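Look at the two complexes coming up: chain A is in both, with chain B in one and chain C in the other.
After this line comes the complex of A and B, so read on.
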């Protein structure tokens, strides 16, 4: 069948752009796989230290990615621990209590915060560190805690919105049953609404974890360094996987070091892909469950 | 009943605390950059060139650099995104659309630094050899990669907007004998224009605010770029590069000017999008 010119044009453009986009992503992933796969090994992660000894923190690792991976892990755990309670509570307020102008104004603030570039959030963290350094005896420098706090601010608006949306998406019947049986507002939230909204909230948290793990701009202003070993305390500098990748891309000394950069990029990509898959799986389950009930 | 009241207060407090971060961000930058706001210095910093040898610390080249890289990224991402979201909406709905949409959603999760790293070792040599000029670290390289980076977000916005056009409009056009492309061009895109503009504005904010791509791929020369193959420094990259310099110098204070500028731009974009959204609501 012969198509009108407009249809042929639209088909051409849409298929063309789709193939172009998919091809560029395939190139990115393929390039990393080809260059990085061969250097993936236990030695890459642990250097010359026996893996078990390193994992139990008995012996330090030199020349491996282990300290950077531990740094990223501690960063993510800290940031999420700081952000989730606050984000959840604020999201509950927005969905269940907030009304009218106050809610709209708060929403505007969250939207602005969500749009602020991560380097500006990093600059804020840096400024906070400077402020604390001046006013509290000069012992505070940019460090793990400051980075985690900044990352928490970065993902906070995101957590608030996913919590709010997950709660607001619940069907009216679910919302009204418990109060009709005499439950208070708080009981309704804790025992009915939150459990029902949990999959939505959880997938939001997982995506926030991904953002904390991949962000480089925030941490490069707030305490990450190229070589620090394992983070010793909340107030020490630390290494992180994304910063290591950035650092290697401009400062590598020999092909071997460059190979570790490829492998590190591959590991970070794999971590983010797994987090994404987990979030997608939870959302899919949620979708299936909702369809069942309807 | 008391527990109820306390809980409500706690939730409100959390919301207010979170919102105050938005304000604190700006306040801290203004306080630390305070000397910038005396005697028209702020304006001079925004309009002067960056010539440390002559004690001129202006960020005008970085403003132009950011605009150049972000515009190129948008010029790449916009047609690409419109094409892909058309495929999802009308050209190949069903299984293929679902697959493409999943792939696009996955792309939003790929770390920025990974794009930058691959750009450095794949695209930079390619650009250098193709044009046989400069180092390959230039506006073109950064703009292309940034375009690919922001496209997935834009596609999700666009296909959301296209999918929200009421089905009855679509069916009516089809009943009049419209082909899928005619439905797209005359019904879906005009009906979804608010969503499309929203996606465009928010993606521009992302392109302007991105640090790593410009920092790794644009070369970071503090000069006004004269062409696509020239090196340029973005506002975001400037912050990352100058942060290590002497704390009390004017050079250092310029990063707060950059920070305030970036904040103002993205906040304005957010407010504009909210206005647009609210005006759109009563129609439906």
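After this line comes the complex of A and C, so read on.
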């Protein structure tokens, strides 16, 4: 059966765009692989420390990426842990409780927040660090916790908006099922709406994870340093992969050193993929749990 | 007021945005009978139903005025009063929608879910009451062996009876049905019709229907809705 010309054209363009996008992703990853694969090695990660000793935290790693990997990992996990409950709660408010002018004003506010450049959020975090340093006897410096808080602030609007949209997109029939059976508003949200909206919420969490993992501007101003070793506590400075990549690419001395930057980028991608998978897994288990609880 | 009247609608107006959907509706709905609301589509029949359990409150931009009196435990109560707890009202006034809407869980849990909403968790009681509700909805014999299968694997007619069972498990005094057979084939529809006739003993049923034959077969009282006005069309002698 022949399709009308316009339909065929639209189909072609859609296919073309999809291919173009896939090709770009493949090019980026391929480029990183070609440039960085040769320098990927245990030595790059652990330096001269035996890997098992480093993993068990028995001996510190010097001249390896391990501290930066741990730094990025803890930073993302911390920031997401801080941001998700807040984002979910605010998203639920926006979709289910907020009405009228206040809700619209808040929506505008969250959109503005989403548009704030990360360097501004970084400056804000830096000011907070300076303020705390002055008022808490000089014991607080830019650190992991302040970076995580700033990043949480950065991704909060995405989480709020995706949660809100996921809830609002649920069809009226789903929305009214439980209230018609005598469910209170909260019961409806917890037992019916949230489980149904989880896949949509997950996409927001994934976006937020990616944003936290890649952001350099915020952490540069709030606590990341070139060499710190493993983060010792929430209040210590730390290393992070995106900062390492930035640092190497701007001050490398020879092509080998530049190649370690590409390798670091590959490792960063791998960490992101791992976190995405973890988020998807949690969503699946949570969905099943919510339904089982009933 | 007449003792056998269960619902008394007094000067009910309903606005959706600026549109007037219900225009000074007055009616009396007899207890333990099937009242059918008929009329062309888009005239406010379903809206009237949602005013009876205040599900209309869940939709933004609506405005209701007037009184809907219901007879519960020997007392008349205006269910449109702002201090009526909605979950309490909806446990007294069950509702079944046009398209069956089982939740994505097992047959058993679809019914047990409603009991959990009211805080009933004791396993033996829950199991008993789920079985009773399924039996009252003429579904028990068909599903007793597969209670833990996903409810969405049931046929359309079975799903609708599951939804009726779900609405019945809290023993509502009133059951609202919005074209309960319109998405089913005639055979499945007949099962539902005989189910409705059986339910009449313990429940007051209010049903929106498009089918003249169905209305003739089951309804004790017929109200016609046209352009937001409601008028009594027929009332059988028994009520």
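The working rule: the second predicted complex is superposed on the first by the 233 of 294 C-alpha atoms of A that agree within 3 Å, B and C clash if a C-alpha of one lies under 4 Å from a C-alpha of the other, contacts with A are read in each partner's own complex, and residues count from 1 in each chain.
To be clear about the criterion, a residue touches a chain if its C-beta (ideal position, glycine included) is under 8 Å from a C-beta of that chain, and two chains touch if they have at least 3 such contacts.
Note that the structure is a prediction, hence the values are computed from the model and not measured.
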item	value
First, second, both or neither for A:176, with chain B first and chain C second	second
First (chain B), second (chain C), both or neither touched by A:31	first
Partner touching more residues of chain A, whether chain B or chain C	B
Touching partner for A:55 - first (chain B), second (chain C), both, neither	neither
Chain B versus chain C as contact partner of A:275, first or second or both or neither	first
Touching partner for A:234 - first (chain B), second (chain C), both, neither	neither
First (chain B), second (chain C), both or neither touched by A:184	both
Contacts on chain A seen with chain B and repeated with chain C across the two complexes	184
List of chain A residues in touch with chain B within their complex	3-4, 6-7, 9-11, 13-18, 20-22, 24-25, 27-28, 31-32, 35, 85-87, 89-90, 92-94, 96-98, 105-106, 108-124, 126-128, 130-131, 153, 156-157, 160, 184-186, 207, 210, 213-214, 216-217, 220-221, 242, 245-246, 248-250, 261-262, 265, 268-269, 272-273, 275-276, 280
Contact set on chain C toward chain A in their complex	53, 55, 58-60, 86-88, 90-91, 94-95, 97, 99, 101, 103-105, 109, 112-114, 116-118, 166-167, 170
Chain A - residues contacting chain C, complex	99, 172-184, 187, 191-192, 291, 294
Residues of chain B that touch chain A when the two form their complex	1, 3-4, 7-8, 10-19, 21-25, 28-29, 31-32, 79-84, 86-87, 90-92, 100, 102-107, 109-118, 120-122, 148, 151-152, 179-182, 184-185, 202, 205, 208-212, 215-216, 236, 239-240, 243, 247, 255-256, 259, 262-263, 266-267, 269-271, 274
